[in-house]
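Heads up, the next two complexes both have chain A, just with different partners, chain B and then chain C.
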Partner chain A sequence: MREKLSAIYENLGLPRLIIITFFVVLLVAAVPLGLNVAGLLGDAVRRWAMYGVLVLAMVPGIESGINLNFGVSIGIVAGLLGSTIAIEMGMSNPWGSLAAAMLFGALVATPLGIGYGFLLNRVKGSEMTVSTYVGFSIVAFMNLVWLSLPFSSGTLIWPLGGKGLRNTISLSDSFGGVLNNFLSVTIGDPVNGAFIPTGLILFFMLMCVLLWLFMRSRTGVAMSAAGANPMFARASGIEVDRMRILGTTISTVLGAIGIITYSQSYGFLQLYNAPLMMGFHCVAAVLIGGATVKRARISHAIIGTFLFQGILAVALPVANKLLPGTNLADVMRIIISNGIILYALSKTKEGN
Partner chain B sequence: MANLRHKALSVLSDNKVVVLFVVLCVGAIYVSGAPLTFVARELFTRIGRNGFMVLSLLIPILAGMGLNFGITIGAIAAQVAMFWVVYWGFGGINGLLLTVAIATPIAIFFGWLVGKLFNTMKGAEMIAGMILGYFADGLYQLFFLFIIGGVIPVQNETLIIRGGVGVKNTIDLTGNLKYALDTVSMLSLAKVAMWVLVAIVVVRLVLRVMGKLEGPITHDAAMGFAAILIYGLTNVPAVRSFMGTDRLLLLDGVVIALVAVAGFQLWKIVNNKIIRRDEGFSVRTPLAIIVLCVAGFLLTYVQPVREILVYVDIPVATYLCIVLLCVFNNMLLGTRLGQNMRTVGNSRVVANVAGINVDKTRIIAMILSTVLACWGQIIYLQNIGTFATYAAHTQVSLFAIAALLVGGASIQKATNSQAIIGVILFHTLFIVAPQAGTRLFRNAQLGEYFRVFVAYGVIAVSLAMHAWKSKPRPAVSGKVEDTPEI
Partner chain C sequence: MGSRYVLEMSNISKEYYGNRVLKNVNLQVKPGEIHALVGENGAGKSTLMNILFGMPVIHATGGYEGEIKIDGQPAMIDGPHKAMDYGIGMVHQEFMLIPGFTVTENIKVGREISNPTFLSKIFGPDLEVLDVEKMRKDARAALDTIGLNIEEYVRVAGLPIGYLQFIEIAREIDKTGSKLLVFDEPTAVLTESEADHLLEIMRLIARRGIAIVFITHRLDEVMAVSDRLTILRDGEVVATLNSKDTTVERVAELMIGRKIEKLIEIPSDHRTLSDSDIALSIRDFYVEMPGESVNGLSLDVRNGEIFGIGGLAGQGKLGIPNGIMGLYKSTGTVEVFGKILDLTKLGEALRSGIAFVSEDRRGVGLLLDESIEFNIAFSAMQIKGDFLIKLGPITLFDWKKAREHALEMISVLDIRCTGPKQAVGSLSGGNQQKVCLARALTMRPDLLIVSEPTRGIDIGAKRLVLEHLLKLNREEGLTIVMVSSELVELRSLCDRIAIVSGGKVAAILEPDAPDAEFGLAMAGLKKEGANIA
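Moving on, here comes the complex of A and B:
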């Protein structure tokens, strides 16, 4: 029994154990506080599927050997750009609009991802340091782009006189909520019950399956091998650099698709500085799920997103009940997400 | 001639970052149409405000730990101390000294922790420092939003959010710590210098009497004489009234600096040629410098230059701190510790073989940098006059590091002059970018976004360039060998 427990402990690691305990404690605490637990769990599920694809984007990056892809913001801005183009086209069919957004997003993300992959191949050993600031720079650069895009759709630009695109763009006329509402059900009470966004979950699962199939394919296995042991992979005739570029590109494209799924669930596109720290949340989530700087599985992304977003979904109302009008949940998110990244980094030395 | 051209080209290519930003700054000033007097005045304020922080980055670079993104933590130490000092109601230079006295031990402790952490992830200090900065920001928010008032009882309506828990968004420093350092008069500084000299002389004399110090006494006599000279000079009415102020007109500052430099070169010539009769000494360089000084002096009579020089005044005490830090950074190189840091920075293996305690040296470097960053933040806040509780520390590392890199520094090598040039160029861009954006594109926002992009971009490019060239890695391996510990 004792060995078993210590084996579980070894497997989970201290921070993950703390996080799981914390999640359970929060859920238990929600009951005496008179919070609607079913609603909270429904919220956790919605946020899980909403962030899922973005976190999934971490997996091919880590597996191909570029470590934690802090530069996923490149994919994110590509997805945002694709969405604005789709809105500008003014398609009235929400499904068509969503497909267009994803298509354009992926089209923008692919060349960016390839270029980014080339860059990361030149800076082996410091990928994370470089990618963090490359990610920041591209978000800062896109600020200039958002200000100067010559779009004319009324939902995109400021109504009176202002320059450039709006900070938040409503998706109610395009693809807002289209996945969420597809086959959605409400468990229990129609007002306070748990809203299950079936379509969103299905889409997330579809993405997981596609990625899983790819990772099982010849190329996918070669890519993982290139990340796990570059020297051995090269000896067996795998082109390591090309595999790394492939992993980076897939990660970037998934980032683009991820932000579109996120935005359709949220109902708004958030431009300008909103994507700045998003990469950090994705990294934190996959690490909480059990990934390391060197290895990540799809299950890590699924579990990690659920734990991370679950804590946030439950912590927010609990914190509001305990200390009304404060942002304790936000502070906690900063501490948890950066704490887990720091822990993972201290376990695996960069360039080691 | 070809040689000269070659030389000029190589100087240009060595300093291409600086050249690029000089062109960018000149262009932005021209486009913005801002009067030069305005730009100069703003610029000198900002040098005083930010210079110290940028200089605090140099020591970790020397020790091979890269750009210290962890200076955020030094800033946090400063802000914790500053909150309590304001809360207790202290102000002026005494309040500032109290802030320093409280903040320094906190910064030493934090620096030690950071150093310990960085020793467990050698080679990944920069990414760790970035994440550590965000993590520390979370703890800082927890402390200021919930622990102050929530756990530690605090009662103050101007500082605490209504309800008694958490500190307000901004703390006004007007009337307590604002300009606490900037307004220290030259007279007080001279007095401090005098007492320091006296103290040194007394200590040395005591040591001499105890027989622990030997050698000629001329050094002590000179110092004692200097102390008396300062005392005498400060009692001359004209000098006294000139030094009674806290600000020095830039014109006076420039003239004093030119006279000092010229005088020093003259002394060099006299010392080497006439007193020591050193045959190998060439008078060409000192003479050239003296000629330049005279030219500079004449330049102050040119109308546009004079206009600027008369328009701008500098806070003496703050600038003195910056100069002292430059001197400290230079002196450190001459000490054993500085040499150890350089060795560790070049190669941890060699340092280990040479018997240097690598881990300890790196921890000392982090402690020094954190403490200096902490003081830098105190200087920054006392000058800016409002303490944005939750924002003041968040951009510290971004802007300081960007400034340093703009000055031509790299991840392995940075000097005092690169830091100062960087502050000048980076902040010139900051001052004029919004106006330039307005004039060029009728959009001030564009200029503001542009300068933030420059800050991020310059860091990204230099991190990438560093990783790009510093990896002569083996052809087969995708991995980089970590230096083995012996």
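Moving on, here comes the complex of A and C:
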């Protein structure tokens, strides 16, 4: 029993243990406060699947050796651009609209990811610093693009000015909620019970399986080796730089698909500065799940997203009950997400 | 100064983790003499000097036994600063100069001449002002002494490499009270004329009464400049000789020494080797591997033979396999079984039937966090497409097949482990080496290149690895190129041994060639009539 416990502890590590404890404490605290625990849990599950693909995008990046891809915002803006194109086309079928958004998103993300990969190959050793600023820059650049895109769909453009895209674009006429509502069930009370977005979860799982299959293919294994030990990979005839570009591109494409999954669940596209800090949330989530800047597994993304988003979903109402009128929950979230990034970076060895 | 010797080191012994690297070494240096310290890599030269300078690595590993006397007085040297106080200086092999500083500043760093100001009277001598004029004068004097025609106010950054060495020396000369200077391989990076100049300066310094300990493997320089020489081999002093009473051949022979231990039994030989049946042919080969560059090397390896490549560290023997495998930029012609390799394409050598076991086991050879089975199967999967399973349009890594193969390799090579799933990082050095070998063999190569196959592994594993290599060669006709710093190992296994010096083949020798020939080849001296490729 003792060994089993210590083995579990070894596997989890102290930070995860603290976060799990925190999560459980929050859940327990929710009961005497009279909060709807089933609803909170349902919310946690929904947010988990909603953010899952975005966090999954971290895995190929880390495995290919570019460390934490703070620049996943590139994929995010590509996904947003793909979505706006799909809306502009005015497809009425929500599934068709979703597929079009993902297709265009991936098409935009691929060349961007390749270019970004070339850039990261030139800055080996300081990828994370560079990717952070690339992420910020692309968001700023896209602010200009959003303002000047020649779209005419009424849901996209400012209602008065007639030129430039809105801050927040409703997806109710296109693919909003299409995955969430697919085969969805509500456990318990129809109003206050836990809403399970089956389609969303299935899609997240499908993405996990696809990535898992890739990571076990010849190329995936080679990519992993290139990230783990570039000299070893070279000695086996693997072009490390190409593998890094591949990993970066997959990460970027997953970022695009991730933001579309997120948006359809949220019901709105958020343009302009909304994607600015999203990279940090993804990074924090995968690290909470147990990844390091050098190694990440798909399970890390799954577990990490659940813990990170679960805490947000539960902590906000609990904190509001405890200290009404404060934004303590948001402060907690910032402390957790930045603290865990700091913790992971302090664990990096050999200065790279 | 009642003593005949400026430095006496008596009965010095040193152990690193139970491994005795120095055994009762005695070294005596007279004032004003140039005393050469020669020996192969790992003979104990650096350890002896580390003891003399009280380097922290010595004290961190349990200190040393024996006694050091300076000017006849017992000396306790427990740090490099103490050595400096005793008047012992070192001219480093890697230049310890600050690029952004001027020549003067570099010569005077740490010993600046300064004048007090009112600030320093309040806050202490750290705030005194530098007396630049005086420092320049001193630096100029030191530079003039060694005949270095360079302005003392230029920055060190960008100066030719030969100058840096001389600035180092100027710094040591400028120190007052220097009694003994250690020159550690000072000519390694110099051109021939610069090296001659350096030897001239060494004589000049010695004439001023400063003793010099000269560490080098260039035996011709030793003979040219030294008064006496001490030869180290395997941590023991083999001989201390007067330079004019001996010959280069004699020194080379003593340096190598016939080692009686026979590493392995050689089975009967049924092979037929022919000069017309060539497995690997290298022509005009250049490799840009830092510290191990190859400069226009040519050699031929016959089909079915075990070909050894030896030589001192830094002479380029490691550059050869790494260049062939495409790990470092290389030019020239490499022909494998009649096929010319495209050296710009990574993995070309692997696809042409060459497998490689790297000298850097932990850095290049293994994925330390991954399992034994994965490490063994990896290259064969990437290059030959083995260990893959097809599921419709997708191909996946076949763990089951990899495991079966790993189990087989574990028993064939006697890899001591808890199972094929154990991470290789937790294996001992010898077992890690066997995993590397297993991965290379899984490629079913026509030519196997092993680099330092026994570095850092225990004697049992060493024997097993060597025996297995021999068995592969004799029973399966595998051509093997073995690169090693251990001459004993090469001589007990190989059919022919190329000694590499200065990035070129100095000589190709039979394993039973006289020790002197090996010694001379390693020192880069070509002997008349030697078999030179």
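The definition used in the following text is that the second predicted complex is superposed on the first by the 335 of 352 C-alpha atoms of A that agree within 3 Å, B and C clash if a C-alpha of one lies under 4 Å from a C-alpha of the other, contacts with A are read in each partner's own complex, and residues count from 1 in each chain.
Following the convention adopted for this analysis, a contact is a pair of C-beta atoms (placed from the backbone, for glycine too) under 8 Å apart; a residue touches a chain by one contact, two chains touch by 3 or more.
Keep in mind that this is a model prediction, so the values were computed, not measured.
Colleague: Decide which partner touches more residues of chain A, taking chain B and chain C as the two options.
Modeller: Residues of chain A touched, chain B against chain C: more for B.
Colleague: Tell me the contact category for A:Arg295 with respect to chain B and chain C: first, second, both or neither.
Modeller: Touch status of A:Arg295: second partner only.
Colleague: Between chain B (first) and chain C (second), which, if any, makes contact with A:Arg216: first, second, both or neither?
Modeller: The answer is second: A:Arg216 touches chain C but not chain B.
Colleague: In the superposed arrangement, does A:Glu239 touch chain B (first), chain C (second), both or neither?
Modeller: second
Colleague: Now for A:Met231: first (chain B), second (chain C), both, or neither, which partner does it touch?
Modeller: Both partners.
Colleague: Check the residue A:Thr168 against both partner chains and state whether it touches chain B (first), chain C (second), both, or neither.
Modeller: A:Thr168 contacts neither chain B nor chain C.
Colleague: Touching A:Ser137 in the superposition: chain B (first), chain C (second), both, neither?
Modeller: A:Ser137 sits against chain B, while chain C stays out of touch.
Colleague: Please indicate which partner A:Ile335 is in contact with in the superposed arrangement: first for chain B, second for chain C, both, or neither.
Modeller: first
Colleague: So which bits of chain A does chain B touch that chain C touches too?
Modeller: 231, 234-235
Colleague: Please give the residue numbers of chain A that touch chain B in the complex, ascending.
Modeller: 65, 119, 122-126, 128-130, 132-134, 136-137, 139-141, 143-144, 147-148, 163-164, 226, 230-231, 234-235, 240, 244, 280, 323, 325-328, 331-332, 334-335, 338-339, 341-342, 345-346, 349-352
Colleague: Which bits of chain A are touching chain C when the two form their complex?
Modeller: Counting only chain A, the residues touching chain C are 213, 216-218, 221-222, 225, 228-229, 231-232, 234-239, 295.
Colleague: Any idea which chain C residues touch chain A in the complex?
Modeller: For chain C paired with chain A, touching residues are 325-327, 346-348, 350-351, 356, 358, 360, 363-370, 378-379, 381-383, 385, 388, 394-397.
Colleague: Which of the residues in chain B end up touching chain A in this complex?
Modeller: 117, 120-124, 126-128, 130-132, 134-135, 137-139, 141-142, 145-146, 150, 163, 165-166, 441-443, 445-446, 449-450, 452-453, 455-457, 459-460, 463-464, 466-468, 471, 473, 476-480, 482
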